[in-house]
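Should a chain be cited, it is by its letter among A, B, C and D, assigned in written order, with residues numbered from 1 in that chain.
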Amino acid sequence: MSVKTEDEVVTPAVPRESRRTTTSAASRWATLLAFDKVGAVYVWLAIIVVFSIWVPETFPNLMTAKQILNSNAITGLAALSVTIPLAARVFDLSFALNMTLCGVAVAHFVVDGVPLVLAVLLGVLIGLVVGLINATVVVAMKIDSFIATLATGSLIQALITMVTNDTPISDAKLAGGFATIGQTTVGGITLPVFYFAVVAVGIWYLLEHTATGRRLYAVGFNPDAARLAGVKVARLQFLALVTSGVLAGSAGIVLASILGGGSPTAGTPYLLPGFAAVFLGATQLKNGRFNAGGTLIAVLLLGTGTTGLGLANAPQWSGALFVGIVLIAALMVTGLQRRTTLAARPAALDEPSHGDDATAPSKDVSA
Amino acid sequence: SESNASSDAPVDNAGLEAAEATVAKAAVRPTKITVTTPIDKPIPTGKKITFVSCGVEACAIQGPILAEAAGILGWTVDQVATDGSPEKVQGAIDAAIRNGSDAVILNAADRDAYAKQIADAAAAGVQFVTCCSLATTGDGLLFNTATSEQNAPIGDYLAAEVVSDSGGKADALYVNISAFQILAKVGETFEAGMKEYCPSCTVDSLDIPLTSLGKDAPDRIVSYLRSHPDVNYIALSVSDALGAGLPAALKAAGLADKVTIVGQGGGSQNFADMEAGDIEALVPTDLYAYDYLMIDALARHWAGVPVGEAGPQFWLVKKDTAPDDTSKPFPLVLDTEAQFKALWGKS
Amino acid sequence: MRVPQVDLRSGTAPDAAPPPRHGPVLDVQHLSKTFPGTRALDDVSLEIAPGEVHALMGQNGSGKSTLIKLLAGYHSADPGAHAEMDGVPFEVGRSVPDGLRFVHQDLGLILELSAQDNLALHGGFARGRGGRVLWRQQEAETRRVLAAFDVDLDIHRPLAAATPVQRTVVAIAAALQGWDGGGVLVLDEPTAVLPHEEVERLFEVVAEVRRRGTSVLYVSHRMDEIFSLADRVTVLRGGRRVGTYDVGSLDSRSLASRMVGDDIDPDFRATVVEQVDQPVTIEARGIHGKWLRGVDLEARAGEILGIAGLAGAGALELPYVLAGKAGELARGEIRLPTVSPDWYDVQRAADLDIPIVPADRQTEAVVAEFTVGENISLSALRRLGSRGRLSAKDEATLVRSWSRRLGVVSTGPSAPISTLSGGNQQKVILARCLAVSPRVLVLCEPTAGVDIGTRVSIYQIIADLAADGLTVVVASSDEGDLLALCTRILVLRGGVVAEELEAEGLTKNVLIRAIEGAEQ
Amino acid sequence: MSVKTEDEVVTPAVPRESRRTTTSAASRWATLLAFDKVGAVYVWLAIIVVFSIWVPETFPNLMTAKQILNSNAITGLAALSVTIPLAARVFDLSFALNMTLCGVAVAHFVVDGVPLVLAVLLGVLIGLVVGLINATVVVAMKIDSFIATLATGSLIQALITMVTNDTPISDAKLAGGFATIGQTTVGGITLPVFYFAVVAVGIWYLLEHTATGRRLYAVGFNPDAARLAGVKVARLQFLALVTSGVLAGSAGIVLASILGGGSPTAGTPYLLPGFAAVFLGATQLKNGRFNAGGTLIAVLLLGTGTTGLGLANAPQWSGALFVGIVLIAALMVTGLQRRTTLAARPAALDEPSHGDDATAPSKDVSA
């Protein structure tokens, strides 16, 4: 049996005496490419092949790749912003409204003549404050995160309406330095793609290569055991929500820059796609752990479809159909393989086959 | 209080007459399109246009109309589906420019949101055409129709209808969605019209947040009416969005007989409500005019003749003047297509 | 990474006087704990000598875990307590001296994470610049820590895939990280679900810990372990200390009576007579599974059939298969001849409604958010009321009669089950199974974590039911259960029935040798 | 101390002889009205008082009560439709889109001349099919319900776009019998209020007074234990999702009737309010169990605020602010009291008189 755990990737420390390096390297590749690890990647490749045949003139080229990246960077940033709290099994349903709020706030400041850097910093600060409020409600008041962030989301909505009176904030001033934040392109790739990459690498590093990352997962899997192991559970949940607030706020600012102004509904379209990407991502690479790499794959998978359908002039409904089918297909491919692999696992312990290791991310709904 | 004043105050007969005159004019269905100059140079064929659809009703309706109009000139229209989120729309425009489209049509283009795309299009020689946008033409934007200014008569027509229908005894409520900035002008002209036609009438405004649309908007209107029992006319700034569920809510609250509803726009649902007697008058949106005008502008540009400003016309529709089939969008000018064909030399 | 700890026994701390050579390493006096309305611990004192294995015994709910959680700082103590570690006073329930290390009852491990991660969570991560975990170093440290325990374990695999003893070893290793000896290691029921050969492995580990000069505070409900492992024992009853005794001065009967306050026979054997003339009530043939490689069995009314075997022999898998609750890999057929002559595929055997008391009470049996009553009635709901309506009256009657018959100690049927001690939760699960009036009942680890008094009462209940014609199949990693209950024991090795033993006159040694497959 | 546990009602195992009925009745009332049970009711009462003082002319009267009921019946039906799956800890994020789909479908049928009853039945059937699909994906394919119903929601969206081309379906025909489904008033109260009441009672009965209800909760709390106790876990989850599909579909049909036609976005606004109501409801009456009564309270609490603010002509952002604050307040009142009560509970439970006669209150076990 060649089933490996996910930590193989993270810990390149091959025991000198007990395993030969070649085997290890080969099996590491096998691990990386196993269906149950990256089912979505195979679905993605299939989609690329389909579109390359369907729209051979426009699809299979570098421009398309750039377009996919450019038009999905914000979805990616949105999904990444909830990855950390979800790793600790905390929902942040307010992130999309937080994006909107920070975006309109910065636009407002810029129009009011606040220097750009200061305006952006203030915007990020607002995201931080939203994160702090979420964290206070969830961690200090001990309110279930699902309903708590629905509630804070409602508060944020009120703020947005107050700030904008539901009208987009636009002004020639916003076309200046502010627009460069999100609209500058480098070799055909817009800056948000780079932000996405940087945040993804940062979260990957945090979750894979720091003690905090391991502790976050520990909190997510079993908060009681984590507490007994000396993990400061409440503090980590608090920090996770604050980080989420800052990341979502920053994503919102970038979005506002792309939009060239503060739209009072800018963030909302990213709520469900963000969660879809991060949940699909959790089934990739790390067997049920919310992770940056999986999220990246998921965003690109879904984005490729949307762009491909656009290039093929497919009907309006095809996008939604595609997302639904691809999500189910990717989850099925991953899940089926996973179950087969687990079932074939060497008999390590004489106990009934339940209690499998981390499978699909389960949510604790207890209110 | 102020609102009681109107019922006691003497009716301003001059105003009432002016209102009736306006209504009489507005109630006539237009028969002539608003552009009249034929294109006297050859219009190139084989042009490829991309219509970036936005995931709402208007866009869904416009796609086929645009395709039909373009077809007359031997052009094709690629309709690109987006969910309307600016990120996706930007991607669609980028793709259109890359794919060698000759023009991009986008509803309600926001110059700030698409500054880069508009500039890219200009650089690539791709024409950018829009409707219902606050943006001014020029600087990469070839043409814009149904502008804020062009919408001005709507408010005036609605005010005239309210005053004449009430015999000069109206306490009107203008229900606004300030999120739809293009309609701000309508609110202004409605208020101005009310002041002009009936100085003793009152007019107030209720702003509905976007998040209430489709949800508690009717409840907000009912609450307003209950706390302002003198209001007897409601003018809806966007009948489609605000009218959903409103007749039912008014009936349930026992207010249906106390207020009369008029409104701008009007999808098939609003006409069905008019048919059922729940809505008094509508000033519908002439999507045919928008689309033919946008294609016409492109035709003029490519033929090398000047592209002027042109807007849609408005018609105050009531139950007895409503077209037979309102379940589908209809052109105000019945032979819109034929008249444009004539201008384009295709008849 | 954790800083290497000061060796407490050598007293390297500059201003602390070297601890007295023969004084207790841990000395706790007048420790009390009052939960609102409950005095869980009442003026308990405890002295642990250097290098001794000190057992802590008492019935379920007598306060053992509370004592341990106080020491671990999980709960705060009532005022008035005094505690010293190596002569240095500390505040119980507030601070925890580094010399005190804990392995909690549920081990406190995160099964989704690997052994390496779990060890690092407890002992600290090896970190380089930028907070980066130095995985190579971390792995070396993990191997170093585990080396002392001679355990064969893939340190990168989630612990869910490890055996119970591997997990226990990881928990002990986690507790002992960064520490050279001395102090006290606290083990709260580490053997509750360990099969006996693994218990022996654990004993070796404990012996190793002790060789390093560390004292052990050991909580267990298993008498024999106390006698083979402990030097002294402190007995708690109802939150009070009954006394501390040298193990040599006690036998199991006198220890049991001190715990229960009543005369208890620790070697109790239920008197179940096998009645060959009774009809066969359950038959199984060709049972295959993850570990099972073809098992046939049959049992008669009134019979208590034991299933024994090493880990991996399939002894714990078999009951789940019989109850139709095994995974997709299970194959084979079952029938209940007195109900119907039809054979059922094990994948459909759930339809036979054979109730099972699962092995892991917390995760597989108890619905923690339910009340005692709801937990009892869960399997029997169908017969309470008519046409889908659940009759509250019928339910109350059923719950009351079964909790009375099994002697469930609770504040009433509406008490949340989480407020019951483990032994009483076990009785609730047993009541749930019996309430459906089964002809055949399957038990896994029926007495895991159950105190001696309750254990005997559970034996008696099962024996009484068997006398009334119930067939019971029992799988237990505790040979005591099998000896006390069974009429016949099937010993599994390598997934097949290797031996069948009559219980009459069977001794524990014979049974263990059979299980291990040793030559007689 | 007179704290009781919630199941007193379900298991009135009160020894007939040992307690007088009056005490029992009184304490049952005390139980029912305890802060930790119905914190939201107290918040609700506070709100009613505030509005009665703020808008004395229009708020405190029967008309307002009727208005609140009439304008929140759909939210209530939406929330109830996800109560059953949530009791079994299964998310149905597709319910709002299902509402839309069934609404536009029935409108479509009626316009096409299908007789009303048949059209409605077909609509309900579509809801059922959606439920079946959700159930298949979640239960048979074993895909986590959160992401699975996001995926099926996307498929439903595609269908809606296909059916409607994103344009509302309207026709004079819809003003006939179809409109009466949702618009008929009886004594100032619209039919949907009655539907809401009927469904609430039905779900209350199912969850409180049937074996299935008890099993659903068991599945939600501990699926492994439920399975081993002989509960058909997969079947119940399946049925829960199917029921949810039918209820959401029916709610969508009623909504379409109120709107007088099939709007392609009719259901979406009910997604978050529906979840907010049902999660808030779960903290009421039954300590963390999703239940019909709690959902009812939550819907009325939130609805009262919206209507009250409307009558007070409060600014447009006040509604969202109110929802956020009230959610947090209700959860906090409930949660704080709960924690205090739980800590104090053993005291009350130790009263010998309260103990079940079968069990001695002392901890000395006697076999």
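Keep this in mind: contacts are C-beta pairs under 8 Å (C-beta built on N, C-alpha and C of every residue); 3 or more make two chains touch, one makes a residue touch a chain.
Just so it is clear, the model here is predicted, and its values are computed rather than measured.
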#### Entry: Touching subunit B and also subunit C, the following chains
A, D
### Task
Report, in whole Å, the distance between the mean C-alpha point of subunit A and the mean C-alpha point of subunit D.
30
### Task
Give, as an integer number of Å, the spacing between the C-alpha centres of subunit D and subunit C.
41
### Query
So which stretches of subunit A touch two or more other chains?
157, 161, 166, 315-319, 354-355, 366
### Summary
Residues of subunit C that touch at least two other chains are 325, 363-364, 369
### Task
Hunt down the residues of subunit B that sit against at least two other chains at once, touch-wise.
55, 60, 207, 209, 211
### Message
If we use the touch criterion from the header, which chain pairs count as touching?
### Response
A-B, A-C, A-D, B-D, C-D
### Message
With touch defined as at the start, can you tell me which subunit D residues reach subunit B in the complex?
### Response
55, 57-58, 63-64, 66-67, 70-71, 111, 165-172, 174-175, 179, 182-183, 185, 188-190, 258-261, 263-266, 268-270, 273, 306-307, 309-313, 316-317, 319-320
### Message
Under the definition above, what is the set of subunit D residues touching subunit A in their complex?
### Response
86, 89, 91, 93, 137, 141-144, 146-148, 150-162, 165-166, 220, 224, 272, 275-276, 279-280, 282-283, 288, 290, 315-321, 323-325, 327-328, 331-332, 335, 339
### Query
Which residues of subunit D touch subunit C in the complex?
4-13, 209-215, 217-218, 221-222, 224-232, 288-289, 343-350, 354-367
### Query
Quick one: in the complex, what on subunit B touches subunit D?
55-57, 59-61, 207-209, 211-216, 218-220, 222-224, 226-227, 240, 244-245, 247-249, 251-254, 267-269, 271-273, 275-276, 327
### Message
Which stretch or stretches of subunit C touch subunit D in the complex?
### Response
35-38, 59-62, 237-239, 260-261, 323, 325, 350, 353, 355-356, 358, 363-371, 373-374, 377-379, 381-382, 384-385, 388-390, 392-393, 395-396, 399-401, 403-404, 407-416, 419, 421, 423-424, 432, 436, 451, 453-454, 456-457, 460-461
